[in-house]
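Heads up, the next two complexes both have chain A, just with different partners, chain B and then chain C.
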Partner chain A sequence: MTRRQIDWTIATLLGVAIAASLSASGVPGWIRYLGQLSTATALTSAGVMILLRAGLLSFGQGLFYFVGGYAVALTTKLAAITDAFVVLLVATISAGLVAVILGSFLARYRGIFFSMLTLAVSMVVFGIATKVRLFGGSDGLNIGLMSYAGYRPRGADAQWSGFVFCIWVWAAFSIATHILLRSRFGWLIRAVADNEVRVEYLGYSVKQIVWVAYTLAGMLGGAGGALAGLSARHVDPQFAYWTTAGDFIFVVLLSGQASILSPAFGAFLLEVLRSYASALFPDQWQSVFGAMMLAIVLFLPVGLDRLVTLLWSMTRKAVSRRSRSLAGGVVS
Partner chain B sequence: MSTLSAVVVDAASFAAWLFLVAVGLTLVFGVLRLLNIAHGAFYSVGAYAAVYAIGASVTLGWATWIQLVAALAAAVAIGAVIGLLTERCILGRLYGYPEPLVLIATYALFLILDDATKLVSGGGSLYAAQPRDSLGQIGIGGLQYPVYDVALIGVSMMLAAIVWFVLNRTRVGRCVTAVVFDSEISAAMGIHVGRIKTATFMVGAALGCLAGALTAPKIAVSPGMGVEVIVIAFAVVVVGGLGSIPGALLGAAIIGLARALTAHLLPELEIFAVYLVMAGVLAVRPFGLLAPAQARRI
Partner chain C sequence: MTDLLHCTGIQCRFGDFVATKGIDPSVKHGEIVGIIGANGAGKTTLLNIISGYLKPTAGRVMFRGTDVTGMPPRALARRGIARSFQVPQLFASGTARENMMVALSLLVDPRTSLLRRFSDRGLFDKAQRLLEDYRIGEHADAVVAHIPQGVRKLLDIAMATCASPALVLLDEPTSGVSVDEKNDLIGRLIERFRKTSTSVIFIEHDMEIVREYASRVIALYDGRIIADGDVAEVFADRDVVRYITGAGVAPLSADGCHAPA
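== the complex of A and B ==
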């Protein structure tokens, strides 16, 4: 096993990013916009996925989405910085800081305590945000056009560059997260869900693992919120509302948790579903959404990606049997 | 002096409301071991049921007490029916599932029920203040309070007494206590655990609707009112200890007092009072004040 194998997840991420950038000017605008929104949802949902791998269901991922979005809006408004790379960095770091502070308290809790405390925190922030004038009250804030390291596109070019920026940020963050999840730390997260006491007997601090995972989820949420703010060019307190966090949970529930690709797939599906359902049933979106969630929990609780993983490991086993070598059946 | 009596009355009145919304949640958690996010939706369903029942009784020209009885009966009946359907068709299939999945299922239920109330009501605010207005005011310590609000304190205490009596002095109640303690042993002793769980969920849902119905005359009934309720009810239940009825009473009393004190002395802190108390208690006793310590699973 000395030969380095290709990591298919990274290859797929790069392939999708390259294909999307090349075809960006060819596809209709609405598909491009759906894709752009999906990158924001995908990164934020990846945070939910990481925590769910540790057995923790966060109802507070909307909080980091909110922090990321407002970090972008406030830096462009107050500091007059319009560089997309800088505001993305500011958003990710501020969400990370918020997560570090909250995590010091929340990392002690598991199960429903974790879920409800994350929910309570984000609802408090939602309540404050609707009243603070700096945040624009319940109307939110608008975000101007971005520049990209000196390049200032306008009109159709601005839409194109916004899309390419979102796609590559998504790819870069996903690859970084994938490498982290592939590492020993990534496996420790799963071990926490399995049996905390054993992890502690192995010499690791469960609280630290959860804290780091929570911070990581926060940073991903912040980056996702920044992308959402840049795409919609508007942020409002609804970002921190619990149904926004429910969307991210839905994404992970729908797609499963097998790989960093899963939330991307789920996020795209969610955006497509949302745009069709809001056209077909404008007033019943919430019940359609709830009914789909219930159906998944009842009939396919492992998520759609298990089917893909199963097929993938079957083909790989067939290939490796032919080449008479050992192959791992797990795709991560 | 008048501040003191105002704090006491406000605390008692808020604590009574907190106990009403929390008792069903903690009962269901104790027996079924699931945190029912849909409890907030039951609350708003109950409130809507009360609004329509009171509206109908007012048009028929019935007396105030009949209006109230009609509202409560409608809410309890709807709650029991929804509870039965939910437990039989959905939650009953999920026992033994990982905790996050069950939580997601109750969240999905919340969304569906919340949307259903929007669909029925048309989305605007509704009012059912007639019974509260016609009961008039009462003077306590120099301040005027609606009789209805003061009477709610009595209703809440009566409910606590009934729940305590049923759980501790009746055969069914003892079976429920046994299931809370250990459902496998209870099943071995011949208790029909499945039936107890269904019945408990029905009672829990009916209590959630009852809380909404009792609150409806005091507020503008509008969609989305259940969200805040579920978070606050969870705070109450957690402070006292999940699954414990005396715990819910204690949690309601503490949080009610904290909120009344901040409302009169530090108004800017009022919206955080609930969360500050919860965070403070959880930092000292992670499982709540009245919950027994739990052994770690190896």
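== the complex of A and C ==
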């Protein structure tokens, strides 16, 4: 088999990114803004998904969201760097470094201990951030307008280019993550959740695999936080608060973990839900979330993406049956 | 020639309980060693120590002339000690072929290949061939959680030994396998390992199987070796008869045939 098969996930990611970029100036601003926020949530949730595949529920991904967001705010404020690519890189690397350090001891824990420790660390950072003047205390920090490799858009152009930037960063990070998840290492992450003993007897350290997965999830969280900061042009300690991390978990529970597309879909759904629910039921929008969660857990515990994968495999079967019967027709 | 595996004074203590009490088993190249003993005699503990799962409280394990005492299983797996389990240790959410593919890509291929695509044609075919070799190819697409115990057992062994190890440790390879399949299964395994002159240590409760396939037998009782030698010798040992085989297994007569019961 030398024919290279099309990777439909990558094709979809590129398709969505191109469609979004082309329609960016046409669609109403609020939809664009929802899409932009979704990219930030999607990347961070993808990190949650990676850890969930390893059997680990992180309640602390808000920490990396925080690190990414504040890395952007502080680099623009202190170093006067406004290039979006540079600050994104700084954010991703900073979050990665924090994850490497934390992962060195968190990788030993499983189950509820892992969840509680990730939550604890992120809450400690939240507590500190609200007190530190450099971080703007509980008010947070504002982020100025960005430039993109020398291009300095202003006014409506700035909003448009911010959106396109976020979309392509999301697409690029998603493709990279997808390539990783479909690799042998991607299977190894799953293997850890299935049987740690066997992984060790196959010559690999479970702790190291978890550590790497945690670091990757951290970097995705950092990139997500950076996009969130750039979109809202503001960051505050709430990024590290545990309910923020809860949103990312909600996304993955809602969407499932079948593909890198799942958290993107879930994230968009979350942002749409949040804006509609808070408009329709200003005081009770969280109970809408609760009802939604309950319905998912009761009726589709693997997540909404199961519906998509079922449809997909059905169409593929139908297509291959048709092409086979066509080929048969030619022969006879 | 030095022994492939040479243990000295292996002791393993769990609190007040001493599972192995200073034993010195060794294995030469190409030997097929059967370990017999009642439950709690320390058989699995011994395998756990040799494969690095447990660290002995005293004693040393020498493998190919180097001290490997206390090395983790992942290091020993790379040095050529493979181990199968009494309860198959598989990736339950994957298919049999996927399990085999993971084993091959981790044990056989270099670490740098870890970022290569998982669903790779070469890997797929290699896994399929190995499964056919073990005559479980028909289960390749079945999710491991749903395949019969005997197949899981074979899959577990196939995964552990896919990198042609120097020493194979089999923990009750025939437990959970139906009586009529037992002989066939172990026969094929041993033949495989003989061909590659791989050394094998296997724990077995079926004395007929031990008699048939082992080139040497180690009898454990209460954490000690009570007999170690060729098959006829060990089965004739008075302690072995009293503590392990009982009167049910007839001693071999001089010409190697079973004495009339």
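Please note the rule applied: the second predicted complex is superposed on the first by the 320 of 332 C-alpha atoms of A that agree within 3 Å, B and C clash if a C-alpha of one lies under 4 Å from a C-alpha of the other, contacts with A are read in each partner's own complex, and residues count from 1 in each chain.
The rule is simple: a contact is a pair of C-beta atoms (placed from the backbone, for glycine too) under 8 Å apart; a residue touches a chain by one contact, two chains touch by 3 or more.
Predicted model, so just to flag it, every value in this text is computed and none were measured.
**Q** Check chain A with both chain B and chain C modelled on it and let me know: fit or clash.
**A** By the criteria stated at the top, chain C and chain B fit after superposition, with no clash.
**Q** Report for A:Arg108: first if it touches chain B alone, second if chain C alone, otherwise both or neither.
**A** A:Arg108: touches chain B, not chain C.
**Q** Examine A:Gly15 and indicate which partner it touches, taking first as chain B and second as chain C; both and neither are also allowed.
**A** In the superposed model, A:Gly15 contacts neither chain B nor chain C.
**Q** Looking at A:Gln286 after the superposition, I want to know if it touches chain B, chain C, both of them or none. Which is it: first, second, both, neither?
**A** The answer is first: A:Gln286 touches chain B but not chain C.
**Q** To the nearest 10 degrees, what angle do the lines from the C-alpha centre of chain A to those of chain B and chain C enclose?
**A** 80
**Q** Return first, second, both or neither, reflecting whether A:Ala120 touches chain B, chain C, both chains, or no partner chain.
**A** Once the two structures are laid over each other on A, A:Ala120 reaches chain B alone.
**Q** Could you look at A:Leu57 and tell me whether it touches chain B, chain C, both or neither (first, second, both, neither)?
**A** After superposing on A, A:Leu57 lies in contact with chain B but is clear of chain C.
**Q** Among the partners chain B and chain C, which is in contact with a greater number of residues of chain A?
**A** B
**Q** Touching A:Gly144 in the superposition: chain B (first), chain C (second), both, neither?
**A** Neither partner.
**Q** What is the contact status of A:Arg190 with respect to chain B (first) and chain C (second): first, second, both, or neither?
**A** Only chain C; A:Arg190 stays clear of chain B.
**Q** So, does A:Gly29 touch the first partner chain B, the second partner chain C, both, or neither?
**A** neither
**Q** Please provide the least distance in Å between a C-alpha atom of chain B and a C-alpha atom of chain C in the combined superposition.
**A** Nearest C-alpha atoms of the two chains are 5 Å apart.
**Q** Does any part of chain A touch chain B in one structure and chain C in the other, and if so which residues?
**A** 195, 197-198
**Q** Provide the residue numbers of chain C that touch chain A in the complex, in ascending order.
**A** So the residues of chain C in touch with chain A come to 51, 72-75, 77-78, 82-83, 85, 89-94, 98, 101-103, 105-107, 113-119, 121, 159-160.
**Q** For a test of understanding, state which residues of chain A touch chain B in their complex under the given definition.
**A** My answer: residues 52, 55-57, 59, 105, 108-109, 111-113, 115-117, 119-120, 123-124, 127, 195-198, 242-243, 246, 249, 253, 283-284, 286-287, 289-291, 293-294, 297-298, 301.
**Q** Within the complex, which stretch of chain A touches chain C?
**A** 1, 180, 182-188, 190-191, 193-195, 197-205
**Q** Quick check: in the complex, which residue numbers of chain B touch chain A?
**A** The touching residues are 35, 90, 93-94, 97-101, 103-105, 107-112, 114-116, 118-119, 227-228, 231, 234-235, 238, 242, 271-272, 275, 278-279, 282-283, 286, 296-298.
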